[in-house]
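Each structure below is given as structure tokens.
In the two assemblies presented below, subunit A is common to both, partnered first by subunit B and then by subunit C.
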Partner chain A sequence: MSAPDSPPAMAARNVVKKFTVGGSGYAGLKGRIGAALKRATQEKKIVVALDNLSLTIEPGETVALLGRNGSGKSTLLSLFANVMKPDSGEIAFPASIDPLHPRLSPLLEVGAGFHPDLTGIQNVYFNGAILGITRKEMEAREESILEFADFERPEYLNAPVRTYSSGMFIRLGFAVAIHTDPEIILVDESMAVGDEAFQQKCFAKMDEFHAEGRTIVFVSHDMNIVRRLATRAIWLSDAQIAADGEPDQVIRDYHKAFGIPD
Partner chain B sequence: MSLLRPFLLQTNCLGRYNTGMSMAENPSQRPLVVLRPQRGKASLNLLEIWQFRDLLTTLAQRDIKLRYRQTALGAIWVVFQPLLAAGIFSLVFGAIGKFPSDGLPYFLFAFAGQLGWGAFANTLTKSGNCLVQNSALVSKVFFPRLILPFSTIFSTLLDFGVGLVVMIFLLAINGINPGLAILATPLWLLALMALGLGLGLFAAALTVSYRDVQYILPVLIPLMMYATPVAYSLSAAPPKLAVILAANPIAPLIEGLRWSLTGRGTLNWLYVAYAVAFTLVILFLGMVYFRNMERRFADVI
Partner chain C sequence: MNLVAWVRDLGSEAQEAWRYRELLGNLVERELQVRYKNSYFGVAWSLANPIARAFILWIVFDNIVPLGVPNYSAYLMAAFFPWTFFLTGVLDACDSVSRQMALVRKVYFPRELLPLATTIANLRHFMLSLGILAIYLIYLYGTKTYATGQLALPPTQFLLLPVLILMQTLLIGGLAFYLSAINVFFEDAKFLAAVVLDLLFYGVPIIYFIEQVRVMPGLPTALREVIYTLFLLNPMTVILVSYRNCLLEPRIMPAGRFGQANPLPINLGVPWPFFLLSVVLCIFIFLGGYSYFNRRKWRFVEQL
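Our next item is the complex of A and B:
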């Protein structure tokens, strides 16, 4: 797939990410004044989302992240996508080939940039700009995007997105994101939505990306999707890697730990 | 432009990738992007905003498209709001209060003040709210965060442009020629919006952790307006009070804009110099504060 001396597609070295809960949230100012009045120190709870985590993802791998809600899967994806910064440690990856080729498609949340009051078409262009595609490039891709989204009722393309069903929303968001031609695809629990036919289409697209040697990192709670797509599974638990390896083996360990029958 | 640009820029601001390497197809020959925790002071890196100008204009267009959606009168509100305000001011301060207005019709006088105030207050409000309003973007997609507050200024500029057309129309029907002073209009506008943006940057960064700001601003802004010679003239105040009022850096800028738009009134250049210096300091500090807070935006928003 790639030369032996080629650097990993994505590497995390001793990454620590902590969140402060309560201390600097919305109740912060009130809490601080209250604490000052009581002459007590404000209670801050530090939650360690990722604890000294090291991980190397090779080019061409399709990696599934497993774990309970709150185990740090989304935090890890956010760090890869450069949305969040590590508290210590580092994230490294090779820079993109050329400026017109997005290296990484942060499908963190499909349609994250969609504005409810813009129409579907307007959002396609807007989302494209957020993901780094110029209007001209988007024009060339528009037809293909709409074909992939394949709306049952195309008249909705010119209606505000707030009138969309959640399935339509995901379809359009997914269609835009996969048309950014990324080298690394980060997907956060969005493939399980949409009807069966659309899901199959998404799987086919993922297979295509995989065949092209692109790297995919996705979060899923649907073990059928994991078995279907992943070449490697990583189970995150208590801010650390609990298991890393063959999807089938990791799923078995994961299920055993929670007493879920396979 | 592309998604890659964020990453190249990111490395630029961290200064940790080998420059001058060819972007080869083979990943082993590509520079390595390393994301590490930012320590110490963040650099302003205004170049980023230029490099992300596509996103800047797209966000600005979206703002303009979205405004006045689902309203019956639509864009007419752009004209209506300042006209309505000027009407009330000329009634209260002009007809009832009999305030001096540099020899201008009070309506015209108040409208000019309102145009300037609108430019300042709208910039402050919109840039102050931009992060919270776009929280889905901030927490899910990487881009230089400064793009968001900067993108809000365009719709305010458009409002001012429309207001200016109404202003010229009002000047014409009143037979008032502002003369060459009108050429300085963009400078006053720039200063007013820069001051609004500077304060808005503080507000935006603070709002991420303290939503309280969202409740304070709508109360504070109208109060600030009455402390600013928008609906009245500095010359209407007793000299001792005028000095105190001029300590408000918005005051000389509003008076200056009104001088440019109508050609009437006198300018105290000392006050103006103070206001401009204050504006530059606030804008600079606002950007520094915003850049230093932004690393935590996605964590807490």
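Our next item is the complex of A and C:
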């Protein structure tokens, strides 16, 4: 951890995020007319995903987010990834070189940006572009990316990705995302996939990122992965932080709450 | 809302989008790659369509049912190709955001790049079809030069062509902003747009001339003038009329065709007052669409 007076890598201040569920039923014309008729009787249900949550993450920390489904983990990650804005409160990246445009690499369901009809190589370049890597930089990194993805049959790189196995898909997506020189890496449950050799490679890469002082936030339900990688664990429950601290301690509390033996 | 604040907001959003201009180029590339995915001839298909259309219009309207206007098919094409740009541009843009939600949910980038990318990809296709039209026009003006011994050139309004392309692109981009944002919350928008555009095809002068609207038989003169003015208040009418006047000369349509009693001069020139009004309208539709899109773009991912 860095000195207390240096700015944090990531900060959430009094963040509130709510979602409206059901209600207007935007699906189509019929649904909309139906909803308009029902509006008088039907109440919209508001779900609070994050309730006045504040936290800071120091540069170089590797933070695991724990919690049951619907506890707000993914919402928090989406807010940090800047795909959502909080209803109130603030998300900030004070330690970034450009605090308004931090270099984030979101490994959220890797390969989400892949187009099924384009080839592996085409998708690699497109995915790089969307993560802010210029074509020139991408050309320099192409070899390293393909080496990391490690296809047994390289001819697949020129085939549409819809012909890929899920393992190949994820390996390629992961390979691009880690080659973007990120300040902050956000990982959403994607490390649990792929074969064991690839998982080991991902762990090694995470260790390397950690050694280089980059900040990592990941979501995982696999406590072995949390123990292996995290320097800090945060347990989210009912839209708030239930525990925050040493991974071993937080995992113990988490297990105790649900009556799971360690 | 305060106008100064509105302009400032729009400016800062545009500045953020400008940072991502390289990604915009990539999105356009991807649109073009995906359209002809797995096809052997690839992008050559975007030439095949206008060539086939030009050929069939020439066969039908200059050979099978000649209407007494020389090179009538050229007059049809000069409005048909820009119409196709408008039609495909607006329809492709409708689901430009909703069909890429997987990406939008996961990664930040200025969302307005998506409707802009489909608009620019369609602009590229339109430029190709203009190229086909240009070949036809070179042939027409070339044979005329040969026959008369005097150099035949398109009208001087020809210089207006870049302005026309720009204003049409702004119009399509503006509608793309509105429709792509609405379609995320309300997926009937695309189907509704398809129906409206299908009808609008007959409401703008493509298969007829704007001058014919003014002499519609069986109506009092005052009413005809009102209808004529209403036509010209539609920026697409003005754009199509202007394309024709940019590229082709005035003609006389012989009496009896389409039911008018006297010979009718057609393609008489750019309707200037309405042209200037349309320029203003196109700019406002673009800026208004952008502002509308920006007010909704952060709610796209919250659709459950």
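Heads up, the rule we're going with is that the second predicted complex is superposed on the first by the 235 of 262 C-alpha atoms of A that agree within 3 Å, B and C clash if a C-alpha of one lies under 4 Å from a C-alpha of the other, contacts with A are read in each partner's own complex, and residues count from 1 in each chain.
Everything below uses one rule, namely that contacts are C-beta pairs under 8 Å (C-beta built on N, C-alpha and C of every residue); 3 or more make two chains touch, one makes a residue touch a chain.
This is a predicted model, so every value here is computed, not measured.
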Which superposed partner A:21 touches (first subunit B, second subunit C, both, neither): second
Which superposed partner A:60 touches (first subunit B, second subunit C, both, neither): neither
Touching partner for A:115 - first (subunit B), second (subunit C), both, neither: both
Partner chain(s) touched by A:85 [first = subunit B, second = subunit C, both, neither]: both
Partner chain in contact with A:131 - subunit B first, subunit C second, else both or neither: both
Touch count on subunit A, higher of subunit B and subunit C: B
Partner chain in contact with A:93 - subunit B first, subunit C second, else both or neither: first
Overlap of subunit C and subunit B interfaces on subunit A (superposed complexes): 19-20, 26, 28-29, 78, 81-85, 101, 104, 106, 108-109, 112-113, 115, 117-118, 122, 125-126, 129-132, 134-135
Residue ranges of subunit B in contact with subunit A within the complex: 1-8, 10-11, 17, 23-28, 30-38, 54-55, 58-59, 62, 65-66, 69-70, 136-137, 139-143, 209-212, 295, 298-300
Residue ranges of subunit A touching subunit C (in the complex, touch as defined): 19-21, 26-29, 32, 78, 81-85, 101, 104, 106, 108-109, 112-113, 115, 117-118, 122, 125-126, 129-132, 134-135, 160
Residues of subunit A touching subunit B in the complex: 2-3, 5-7, 9, 19-20, 24-26, 28-29, 59, 78-79, 81-106, 108-109, 112-113, 115, 117-118, 122, 125-126, 129-135, 180, 182
In the complex with subunit A, residue positions of subunit C that touch it: 19, 22-23, 26, 30, 33-34, 37-38, 102-109, 185-188, 298, 301-304
